[in-house]
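Each chain gets a letter, A, B and C, in the order it is written, and its residues are counted from 1.
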Amino acid sequence: MTPFTTSHPRLVAALAVLTTAALVLAPFFVREANLRLMIEIFTVFTFAQSWNFLAGYVGLMSFGQQLFIGLGAYFVFFVSNTLGLSPFLLLPFSFVFCAGFAALAAPFVFRLRDAYFAISIWVIAEVVRLFISQRDWLGSVSGLPLVATRGMDRSFVATTNFYFAAALVLISVFGLYALSMSRLGLALSAVRDNEGTAAAVGINVWWTRFFGFVLGCGIAGMAGATYYMSVFHVEPGGAFDPNWMVVMMFIVIIGGVGTIEGPIIGTAIYFLLRGWLAGTGNLYLMLLGAAAVVVMLVAPKGIWGVVRTRFGIDLFGTRRRSPVAQKFHQGVR
Amino acid sequence: MSLLSVENLDVFYGDFRAVRGAHLELAAGQTIAIIGANGAGKSTLLNAIVGLSGRKSGSIRFDGRDIGREPTDRIARAGITMVPEGRRLFGSLTVEDNLLVGLAAERPGPWTLEAVYALFPRLGELSKMTAGSLSGGQQQMVSIGRALMTNPRVLLCDEISLGLAPKIIGDIYRCFETITASGVSVVLIEQNVVQACAAADYVYCMLEGHMSLEGRPEDLSQAQITAAYFGTGEALP
Amino acid sequence: MIWLETIANGIFLGGLYALIGLGLGFAFGVMRVVNVAQGDFIVAAAFIGLYLAPWVPINPILVIVPVAVIAFLIGIALQRLLINRVLGHDQIPQILLTFGVAIVLRNAMVAGFGANSQSIDVGAMRFLGFNLLGIRLGVLPAVILVIALLLFAALHLWLHRSRLGRLIRATADDYQVVQLQGVSYRRVFAIAMGIAMALSAVAGVLLAMRGSFTPYSGADRLLIAFEVVVIGGLGSFWGMFFGGMLLGITQLVALKLDPASGLMYGHIVFFIILILSPNGLAGAFRRVVLRK
């Protein structure tokens, strides 16, 4: 397999170092209110990137990614409140919890394909939402506060949250880059493009997909926990809101599915639009939906897809495509 | 003047050029055969003629009209249809329903349900069976019958002998006498050179996407065909 | 006795759920397209029904006829203008496209009609009842079940007896080869989507007569439709019907036991069936009864 797009590992490494440095220094120069906005942007970007990873790299489209946002948040809030532990200590375990949940669900939902798979995860999200809404020990419909952070210094909380959000951004950009360059990344793209040929060259299709699914869901969960920790309160209607899916899909579709750069552009556009259209309510959501429709019709590969073919720019260059695979795509149905 | 004429045809799969500068002439009432090894571009050529392939350039003219950009269903309604490779019956439909789908082309002519059953009497007996439950030979008859129901002027046949017993192949090829007698012009794709030369008035040999040899079967020698088929032309005197 | 009544009402509701699933299942069976906007179109049909019902002569329930016609035309337009443009090997573009349509439609309805709960008024019929084997049942739910059964039977007969039905089945089997017989699969797809939308629209209007709806009801409707199709065993006609029954009975029994549960137990039953039989009820039927 010859990669058609070339990547620049050194350039990416330099970029990674610069970004890390900038993110480490940011809290010393940025005001607390802006830090909060950045936490939101970073976590929403990570939600989108986790969905992009599943849809564009693993080939699994989910309509229920809000499940893991909510699960991650509830895990940290509930365990921290009950055991009196620091939520920051628990944050990494929200990844483990959500990944474990995904691993348990996978054997069942993997029996369904495409849209049916996508909706089955949505169904799980609904079951979990309805379950939590009825349990007083989980705060029922009014939700849970985060008790542990009440006594902490506000700017310490904001800074720590910021570092976690920054770590998520680094993972979902440079971690994804490293993963897609690895053997596993190659296996994932082979499975995504053609299950039959992937199996024929000795890739275990089920386990490859399973691993991708668990990883993507775990990251979404950790991002969900980080997001809700920065607002100190979680309730089922918001955490498991299907509108999270609208936001994620908008960001990824507009930017370009299956690219690392796409969701970065998508996130920027999303937050700009949200700023301009603040207070218009439904008009803003309608615009997001209409933009998704137009992009699917005019440029299904998104803005980054257009930029890449028009100008030949490809920083991360992680989409491998061989002519043989293309022939299979068009010839076999 | 020829009924179907292909000139300088290129067909692409992505960046891969599967057919390169191919040409073909089919006169009314004629039967021609295209032979060649696996992957020589034979099926791609037929798919391109009926508009089922991807990107293509060159000229495909039917009855003097350019059909290179027409969609498959309009080409079928104009009078070119194909018996696809692997038969591809509508597996959940009965034999009779499979045949009746051909009426959608809205081309009246000699080929009716009765005429197809007269050609393949066995299908009349199986008419209420589900197409997916038939044997390979019976399925091939349904596939040919389904194509005939559109009353084509040109019938393209993609490897109709593939995977069938020699006796059944013989039975099916005998039916082509009746088919051509009804005025249908036929293009056969065959890997079996002997079968192709026996059935056709004119033979093309394809190699790596282009025509490596053509002529009337009686004018072509065994050595010429072997060379054109396997691409060892220069090595032979 | 109260349980018998609950189960009877569950069957009535189940017939309607089956009808909700039928549109989605039919579109999937023919085109392998999953219209994610189906739930929101069902709600849109309910709004059209709400505004047309007062103008319908004889009985308000007849509003299903004009709504079905409108939905049929919308379905054709949706397929021709949008979905046909993104058909291909990959299903993701179609799904994302219809998802976008769903968001636009839902929020347009919120903007246009407000978020309040509404219901279509069927007049006195809503309160009529009859006695059967000593239990009291509503006339309206029974009429709705009969309509659902008739539509299932009519679609089945039409697919197997009519010329167009035959072309639809052939296209469902192999949409490429059908073109060689002179059939435009894009046109067949448009008609199939029209039918799917008309069926869903009828279900949406009937559901709005039995109960209430808001512009946000689309998500629940889509999940019900999806569960009916999967429980039935993707594309199995009568499997869907029993899938709907099972969900309807489950939901009403669960509401008796746990009034705040909503659709939760229906979702759980769906997962239990998925675990026990990946091919739904039709698969289990083939395995257990036919021993295949």
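Operating definition for what follows: a residue touches a chain if its C-beta (ideal position, glycine included) is under 8 Å from a C-beta of that chain, and two chains touch if they have at least 3 such contacts.
What you are looking at is a predicted structure, and each value in this text was computed from that prediction instead of being measured.
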| item | value |
| --- | --- |
| Chain pair showing more contacts of the two, B-C and A-C | A-C |
| Centrality ranking, top chain (CA atoms only) | C |
| Where chain A and chain B are represented by their mean Cα positions, the distance between them in whole Å | 51 |
| Chain B and chain C: spacing of chain centres that average the CA atoms, whole Å | 43 |
| Chain centre separation (chain A, chain C; CA means) in Å | 32 |
| Residues within chain B bordering two or more other chains | none |
| Junction residues of chain C - those touching two or more other chains | 176 |
| Shared interface positions of chain A, touching two or more other chains | 329-330 |
| Of all residues in chain C, those that touch chain B in their complex | 163, 166-167, 169-170, 172-174, 176-185 |
| Touch list for chain A against partner chain C, complex | 55, 61, 63, 108, 111-112, 114-116, 118-120, 122-124, 126-127, 130-131, 133-134, 242, 246, 249, 253, 257, 281-283, 285-286, 288-293, 296-297, 300, 329-330, 333 |
| Interfacial residue positions of chain B with respect to chain C in the complex | 50-52, 71-74, 76-77, 81-82, 84, 88-93, 97-98, 100-107, 146-147, 149-150 |
| Complex contact set, residues of chain C against chain A | 34, 36, 82, 85-86, 89, 91-93, 95-97, 99-104, 106-108, 110-111, 176, 219, 222-223, 226-227, 229-230, 234, 260-264, 267-268, 270-271, 274-275, 278 |
